[in-house]
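Two complexes come next, and they have one chain in common, subunit A, joined by subunit B in the first and subunit C in the second.
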Partner chain A sequence: MACKFISNEDITLWLEALAKDHVVFVPVDDCGSVTFRPLAEGRKPVLDRVPVRSPKEAVFPQNETLLLYKYEKDLEDPEHSTVRIKETLPKERAVVFGTRPCGARGMTVFDRVFDNERIRDPYYATRRENTLFITLACNKVESTCFCHEVGSGPADTAGSDVLLTPVQGGYTAEAVTERGGQMLEASVFADGGNKCAEAEEVKKATREMLGEAHDYSDAPEKLLAVFDDDEFWEEQAAGCISCGACTYLCPTCYCFNITDEATGTTGKRLRTWDTCMSFQYTLEGSGHNPRSTKAKRLKNRVNHKFSYYPDTYEKNIACCGCGRCIKSCPASVDIRAIVKAAQARGAKKESK
Partner chain B sequence: MQALAELKEQIRQALPDLDVVIGWQQGFDALHTRPLFIRSEEDIDKLVVNEFCVVNPASYLRELRGGKKVGLVLKGCDSRSVIELLQEDLLKEEDLTIFGFGCNGILNHTKLQARFGELGFIQSIENDGANVTVVVGDNKETVPFTELCADKCLTCVYPNTLQCSHFVGEESTKKPESEKNKALEEFEKLSLEERFAFWQDQMRRCIRCYACRNACPMCVCKDHCIANSREPKWLSEEVDVQNNFMFQLIHVMHLTGRCVECGECERACPMDIPIMLLRRKMAGVIRDVFAYNAGTNAEDTPPLMCFKVEEPTIEERH
Partner chain C sequence: MKANPVLPDMATIMEVVEETSNIKTFRVRFNDENVMKNFTFEPGQVGQLSVFGIGESTFVINSSPTRMDYLQFSVMRVGEVTSRIHQLKVGDSVGVRAPLGNAFPTEEMKGQDVTFIGGGIGMAPLRTLLVYMLDNRDDYGKITLLYGARSPQDLSYQEDIAEWIERDDIDVVLTVDNPDEEWGKKPYEKAGLIPNVLKEINPDNKGYAVTCGPPIMIKFTLMALNELGFKDDKILTTLEKRMKCGVGLCGRCNIGDKYVCVDGPVFKYSELQELPNEL
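For the complex of A and B:
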């Protein structure tokens, strides 16, 4: 990978140039918390903090209009009406700037689900195709970081088009994809020179800060072994307050709901984020709810990420290790600890 | 907490007659605790009581209703939520065993983060009651406790657990820093237009995760909240300023006269939306109109849950 350099000052110029034909999402200070918002005058990117919201919203927005509809009455035959439908495929081109490697990696979890040999979700696939990710490698680690344990790392390039690494005076830039390479042809980029070696040192040092990685490879079978262990799941879920904060902030959670939002005879079909932590998520029309308790719902979330998804998609864990679910959990529920407890419980039972 | 050993001993003695005792244990790092559900002797040793014990254990009570014998370790503010639930006949006093202590205030993660960056980067933190010393990287900084504590602690007049079965250690003599919440006082100086603009900006950020609702000890509708009801459907699935604001206003109106200002809603909010402004405003209105402070006396009936031909605190126009 060719390595280039961009100074701190030139970052602004580069983003402004990109904003001419893209919506450029940057992490900004949004009344105290850091979220991704379109670049606009006076909005300065915040690059020393991890955004509280995940970059998935650029590709998978919380609200997405799938189509518009209108009922029209037949004046000759008032009993009869027809419906007109207008498809609303997203058109805009976007750049997500300053996501962390964990956040960008989250998109690879989406890709396997929404755009594969059997299924192509046109809304997702179009946005994904039209969105570029400029990722910022980490030079610090938080107590909630565990990217290195789920197959990623602080300089992971999966899901990114360009990887920036902070060095003295600016960033080194490496192209990950061909389209990323084209972006680096801009005149604000200089040859990386000796900055490249410095960037490699930063990557290595950050990886070392994370320490040794716990092995989750046997998690699918160990989780399956405790599937019917209600006592285990009730214990793990005791502190959970069954809100959906973890799933909404997660870069890999992709569940959605579809509703028709009507105003008189017109309306829109809307896709919105849903959460498996909610009682309504599996509430059936009959009134029966197979996941009636928070323990059953938490079991599903943990299993989906560490067992079902890896089983379906070639052992890939549906977790990028960003730690948002731990950091933002009102009750400090720790998904790492739950999976580890399942692994340990399995081992304890085997030894009996 | 000096009397921790004594508290553990009290719990140990009471445990055989209880299904569970809810307290706090160490979380994933030094700045976090998480709820502890004590069911056996070994669990007791995990109990911690410190300035990071932010979760209100009373929030779990709605799940434990129905004859379970529950013990709770509660701060003064937390204990008010239990009293309020008793007032509303949602709990039975004989099912509860409350372990009280004198609280000297808790630290606020949002304030720590605003001051020192991500909490996950903080290496160590020490609190001597008056000052907090924080180490981040090569920097060591000492800040007065009052600049980093939860807002509720600045106006707290109930630092000691109310109506408890057991009290451990010495009573806290902590006095409130001010009578009224400063943020609310500042907010009330704004014009109506400015206030509306403020809330529009804040409500845009709400992700409707319902952490505020689920963390609230007084939100007892639980899985049958109006916000999620499908038939009828009161709120659109669309997450926008209008619907978010509508939800938050429904939330605050359902709590008016009942909210004990424990601050769990705002603390739980991952987007740090200052929704306690709304709660404090309404609690102030209730104090002004009905001279009533929610959750301080189990014998009282909340003013909006009863009808009196003449309210003693309202001067009738004749």
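For the complex of A and C:
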């Protein structure tokens, strides 16, 4: 990978140049929490704090229009009307700037679901194709970080087009993909020189701060072993208030709802983020609900990430270890601790 | 799969049949004749019906691929979308996303006896398979139908039933929980819960059993089939979960790593036993 250098000052020039033909999402301080917003005057990127919200919304917006519809009265027979529908595929080109590696890796979890041999979701796939990820490697870690335990790391390039690493006076920039390489041809970049060695040191040091990695590879079978252990799951979910913050902030969660919004004879069909942590999510017409308690819903969330998804997608864990769900949970529910506890409990059950 | 899996095709309602006080059957054709001509599906597959401005809901295509004049859906009124669908009349537009999901293993079932056990609206997925088998009658062994509802007025598909009773290549038994004075005069009219009547009929356990109905009925019917000695991999059922996207994306309908909208709705009893206990 060719390594280039960009100074702190030139970053602004680069972003402005990109903004000419892209919507550039940058992490900004919004009332104290760092969240991605389109670059605009007076919005300064915040690059020294990990964004509270994940960058997924650039590709998978909190709500997006799937189609427009219009009822047209049949003039010959006014009792009847026909409906016209119109597909509304996204067109804009976007750049996500300054996401951490965990956030960019989250998109690879989506990719396997939304775009594979069986199905291609055109809304997701079009946005994904038209969105570049410029990722910023971490140079410090938080107690909630565990990217190194789920196959990632503080300089992971999965899901990124360009990887920046903070060094003295600016950032080194490495192309991850071909289109990332094309971006680095801009004149704001200088040859990396000895900055590149410095960047490698930063990456190594950050990885060391995280310490040894716990092994989750047997989580699927151990989670299955404790599936019917109600006591275990009730204990884990004791404090949960079903707020859904964990899922909305998560870079790898993609549950959604589809609803219609009518305005007179026209309207739109929307796709909106939803959360498997809510009671209504699986409530059936008969009144039956397969996930009637928060313990069952938490069990499904944990299992989806650490058991069902890896079973379906070549052992890839559907969690990037970003720790957002842990940091923002009002009840301090810790997904790492739950999986570890299930592994320990599952092992004990098996040895009995 | 088509280019945009969440985009419906427009269709027009050709006929509405009032089955019971809360079930109506809708026969629809796609507006685009090419779509209609090229449309294929297998018994057991489902579709999403759309009324724009209200939303979409999942229903089994209960017509048979052997009769492609129209697609037929039977809709029980339970909530918003289903109430709106019930207001639709002949000539009205409706959006259709189909076919979705898997199908009954009609090839594997060839040459075998088949016992159908349907309860209430659960008769809908059985109807498609039953009509398919009757239209390919030589491919299958003895066919038995046990269909139950709460009361005689709650039995759907009266026209079909009359026809099936006339035929001598299918055994029909009807049962209701609450019989009225007229009920029980005919030899095929029984009273009582489906699992009990099933045990009374005592069908030969070598063939297939196909069941669908309310969750509680399915549960007890599976137990009865077990008692009667049917093999777990020859008991078929269709499952219902709350669904939205219907194509394995929204994450709503999973049981373990299986999605009812993609890996189902048809499951073998032996497959269900492999899944985590979350029905």
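Criterion: the second predicted complex is superposed on the first by the 350 of 352 C-alpha atoms of A that agree within 3 Å, B and C clash if a C-alpha of one lies under 4 Å from a C-alpha of the other, contacts with A are read in each partner's own complex, and residues count from 1 in each chain.
By definition in this document, contacts are C-beta pairs under 8 Å (C-beta built on N, C-alpha and C of every residue); 3 or more make two chains touch, one makes a residue touch a chain.
No experiment lies behind these values; they were computed from the predicted model shown.
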{"item": "A:S242 touches, of subunit B and subunit C: first, second, both or neither?", "value": "first"}
{"item": "Partner chain(s) touched by A:I119 [first = subunit B, second = subunit C, both, neither]", "value": "second"}
{"item": "Touched partner set for A:S143, first subunit B, second subunit C, both or neither", "value": "first"}
{"item": "Which of subunit B and subunit C A:L270 touches, first, second, both or neither", "value": "first"}
{"item": "First, second, both or neither for A:Y308, with subunit B first and subunit C second", "value": "second"}
{"item": "Partner chain in contact with A:P78 - subunit B first, subunit C second, else both or neither", "value": "neither"}
{"item": "First (subunit B), second (subunit C), both or neither touched by A:P290", "value": "second"}
{"item": "Which superposed partner A:N257 touches (first subunit B, second subunit C, both, neither)", "value": "both"}
{"item": "Contacts of A:G42 with subunit B and subunit C, given as first, second, both or neither", "value": "neither"}
{"item": "Residues on subunit A lying within both footprints (that of subunit B and that of subunit C)", "value": "257, 259"}
{"item": "Footprint of subunit A on subunit B - complex, ascending", "value": "27-29, 31-35, 37, 55, 59-60, 63, 110, 114, 117-121, 201-202, 205, 207, 209-211, 213-215, 222-223, 228, 230, 236-240, 264, 267-268, 270-273"}
{"item": "Complex contacts: residues of subunit C adjacent to subunit A", "value": "1, 3-8, 10, 52-56, 78-79, 89, 91-93, 95, 214-215, 240-242, 244-245, 247-257, 262, 276-279"}
{"item": "Subunit C partner contacts - residues on subunit A that touch it in the complex", "value": "66-67, 69, 71, 77, 79-83, 85, 87, 113-114, 118-122, 224, 227-228, 254-260, 262, 267, 269, 271, 274, 276, 281-286, 288, 290-291, 296, 300, 303-304, 307-309, 311-312"}
{"item": "Subunit A residues within the subunit B interface of the complex", "value": "30-33, 35, 48-50, 52-53, 62-63, 140-145, 235, 238-239, 241-245, 247-249, 257, 259, 261, 270, 272-273, 275, 278-280, 294, 323, 326-328, 330-334, 336-337"}
